[in-house]
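Same chain, two partners: subunit A is paired with subunit B first, then with subunit C.
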Partner chain A sequence: MYEFIAFYVFAISTTILFLITVMSKNVLYAMTALAAGMVMISGLFFLLGAEFLGVVQLIVYVGAVMALYAFAMMFFDATKNIKEKHQNPTLVFLLGGLMALLFVLMFSAPIIGDNIQAIYPMIEGVGNAQAVGMVLFTKYLVPFEVAALMLLVAMIAGIILAGKKMDYSLTESESADEEMNIKKGDA
Partner chain B sequence: MLEIGVNHYLILSGLLFSIGFMGVLRRKNLLMLFFATEVMLNAVNIAFTAIGNYYGDLSGQMFAFFVIAVAASEVAVGLGLLIVLYKKYGSVDLDVIASMKG
Partner chain C sequence: MDATMLPEVTAAGVIIKAVLILAVIAAIAGFGTYIERKILAFMQRRLGPQHVGPFGLLQLAADGIKLFTKEDIIPQHANKFIFAIAPVITAATAFIALAAVPVFPGFTVPFTDIYVPSIASDINVGILFVLGMMAAGLYGPLLAGMAQSNKWGIIGSARTAIQFLSYEVVTGLSILAPIMLVGSLSFVDFNTYQTDGVWLVVYQPVAFILFLIAGFAETNRTPFDLLEHEAEIISGYVTEYSGMRWGLFFIGEYANMITIGVIASVVFLGGYNDFWFIPGWIMIIAKIAFSFFFMLWVRASWPHIRPDQLMWLCWKVLMPLAVINILITGLVIMI
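This part shows the complex of A and B:
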């Protein structure tokens, strides 16, 4: 009963928040809705018995990724609404609906397939974090190290890409241009 | 009816993935496009965890961890590229950035 209530609360709020993310015209609203939706998704992970994954979701997504987006938004003007030109909205919704149907069918395919065996079964008698550690550092050690290397490469790439011409301010020159235009308009 | 099975999670995951997919199709602002891809990655994580829970297998959670790691590095590199594009074009709108005719 509690699982039923919790699942529907998390599912409905996640869907609504992600719809706001996708439909909103304001970057700030979209980012806030995305962060809140990710918190709700971590609730779903806790419901599924994946406590460690839920905590990682909170720390990495809501903590690190959202902070990165928030810092990146300082480079752009987040207060004004973005203008987007939609050439064919009905086609987009038609394609989106078709893909939705396809994805639901694809994702519900394992319901039909019964002959799947667990390769790394859940270890009995230990908590989720301990079981995850056991599997991660034995069976998935090489992918884990490769992921570490990938994060290092991403960090260097991020620093080099964003760090170029850091002394040159984007917004100050932009506002100066706008002031110039206003003065020209007055004259 | 009150029993929550793997089907519920998978259908929710498909729904969220389609929301993200629709966002990728209709968004023209690159930052919003990144948000839509995050939605899609999160939807896939739910599916992985639900199937792993259904079969009593930890591999699903492992894949979700690696998806999170990939998403984190994608954001780091992507935002760096976004800032470079903004410095070059003064906008992150796809219609402004697009240089190929076709």
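This part shows the complex of A and C:
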């Protein structure tokens, strides 16, 4: 009974919050709603008994990813509304609706066919994090390592892109001042 | 504290526990301001608050009256809704994080059968949940700064974001090494691992120091209080706040300090195990109190640092140290 109520609370609030994210013209509302929606999704994970995934959702999406978005948002005036350009709203609406319908069909087909079987069923007495670890390091070892390698490549690329002239301090060096056209007497 | 002896946890017990946490921690957070002023005053050879009540003890009540009766100002061009909910986010996430940590020992309410558990919600991934919830706490300062249409606020929230991105990696990596040793993410397992009297800080001194430094950054305590550094950016994200909204930020900060103290005590300092002849519940309170005092001590001893120094410290010094610590721990476990 409690789970029933909780599911609908989480599901409805997730939908509403993500709708606000898409519909709102205000950057600040969109960002807040996106973050709050992520929290609600982690609530759904907790409800399903997947505590580990729920917590990872909290840390990775609510914490790290949204913090990066927020950092980008600093360059906008967050209190003003944004004028959006809609070239063809009907087409967007149609394509979006079709995508949503397709996803519903894809995920409900096995449920209707009553054909869901867990390839790796939960072992009794094994915690959530351990179960994820076992599958990751046996069946999905290669994709896991490849993903790690791709992240490493992305990280090195990011460091090289951002790391130009990292070896001298912008606040102390004279040539950096000239580069930024700051004269010492002006300030 | 035997796992098999514990009575059944009912909904009433959990609700009583939740109310207790809210009441006690909010009261301690208020009282913490008095203790902070007194200790800082003592360390700086001043007297501190002493006019209201004996030894200034009623200063807390005076502050409360001041906060509640102050005019509640919302700036004209601010985003009013976000501006209003931002302090609530800080306070709420701080208290939600406390739901998964053992704050005081379990007990049975007198004259009834209701058992109040030690942890309000004993989930298997307790440590990660607490860290995740404290990570969500960054939205308080972030949204507050962005909603108030004030330049100092924007700078404060930009600093929130960089500070968060810096310390979060160190917190996670530093606490990973003890997790590897214990093999569990539950606070109860950490406690039972240390029942033989050897604290985890003996095996993991580097991880402990890294966690403490990251914890200071997480609670915005002084060496890292970039978000509201008065001398540089007025008050950062709280520039436009007044009255009880400002008070909520304060309560959230103090609740976070207590949470960090609990994590440090349970994970590294032996938890709520009995020590020699001292019962466990006194030990855990003593440890939390010491870590609270330690934060004030550091505040009195060290100056602020600049944002670039914080990033340099976190990414170039602490993170490599944490990774090396994990590598060594892994090698030792394997051999």
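Convention: the second predicted complex is superposed on the first by the 145 of 187 C-alpha atoms of A that agree within 3 Å, B and C clash if a C-alpha of one lies under 4 Å from a C-alpha of the other, contacts with A are read in each partner's own complex, and residues count from 1 in each chain.
Convention: a contact is a pair of C-beta atoms (placed from the backbone, for glycine too) under 8 Å apart; a residue touches a chain by one contact, two chains touch by 3 or more.
All values derive from a computational prediction rather than experimental measurement.
Undergrad: Do subunit B and subunit C fit side by side on subunit A after the overlay, or clash?
TA: Aligned on subunit A, subunit C fits beside subunit B.
Undergrad: In the overlaid three-chain picture, which partner chain does A:149 touch, first (subunit B) or second (subunit C), both, or neither?
TA: The answer is neither, since A:149 touches no partner chain.
Undergrad: Which partner does A:70 contact after superposing on A: first (subunit B), second (subunit C), both, neither?
TA: Only subunit C is touched by A:70; subunit B is not.
Undergrad: One more residue to check, A:44. First (subunit B), second (subunit C), both or neither?
TA: Touch status of A:44: first partner only.
Undergrad: Per the contact definition in the header, classify A:19: touching subunit B only (first), subunit C only (second), both, or neither.
TA: The first partner, subunit B, only.
Undergrad: On the A-aligned overlay, A:93 touches which partner chain: subunit B = first, subunit C = second, or both, or neither?
TA: first
Undergrad: On the A-aligned overlay, A:62 touches which partner chain: subunit B = first, subunit C = second, or both, or neither?
TA: second
Undergrad: Looking at the overlay, does A:85 come into contact with subunit B only (first), subunit C only (second), both, or neither?
TA: Only subunit B; A:85 stays clear of subunit C.
Undergrad: Decide which partner touches more residues of subunit A, taking subunit B and subunit C as the two options.
TA: So, of the two partners, B touches more residues of subunit A.
Undergrad: Compute the least Cα distance separating subunit B from subunit C in the superposition and give it as a whole number of Å.
TA: Result, nearest C-alpha distance in the overlay: 12 Å.
Undergrad: Output the subunit A positions appearing in both contact lists, the one against subunit B and the one against subunit C.
TA: 52, 56, 64, 68, 73
Undergrad: Under the definition above, what is the set of subunit A residues touching subunit C in their complex?
TA: 26, 28-29, 32, 35, 39, 42, 46, 51-52, 55-56, 58-59, 62-64, 67-68, 70-71, 73-74, 77-79, 127-129, 171
Undergrad: Under the stated contact criterion, what part of subunit B meets subunit A in this complex?
TA: Contacts found on subunit B: 2-4, 6-23, 25-29, 31-32, 34-36, 38-39, 42, 45-47, 49-59, 61-62, 64-66, 68-77, 79-84, 86-87, 90, 92-93, 95.
Undergrad: Touching residues of subunit A toward subunit B in the complex: what are they?
TA: 1, 3-4, 7, 11, 14-15, 18-19, 21-22, 27, 30-31, 34, 37-38, 41, 44-45, 47-50, 52-53, 56-57, 60-61, 64-65, 68-69, 72-73, 75-76, 82-86, 89, 92-93, 95-97, 99-100, 103-104, 106-108, 110-111, 116-123, 131-132, 135-136, 139-140, 143, 147, 150-151, 153-155, 157-162, 164-165, 168, 170, 174
Undergrad: Please output the residues of subunit C touching subunit A within their complex, sorted ascending.
TA: So the residues of subunit C in touch with subunit A come to 77-79, 81-82, 123-125, 128-129, 131-133, 135-136, 138-139, 142-143, 146-147, 149, 154, 157-158, 161-162, 164-165, 168, 172, 184-185, 308.
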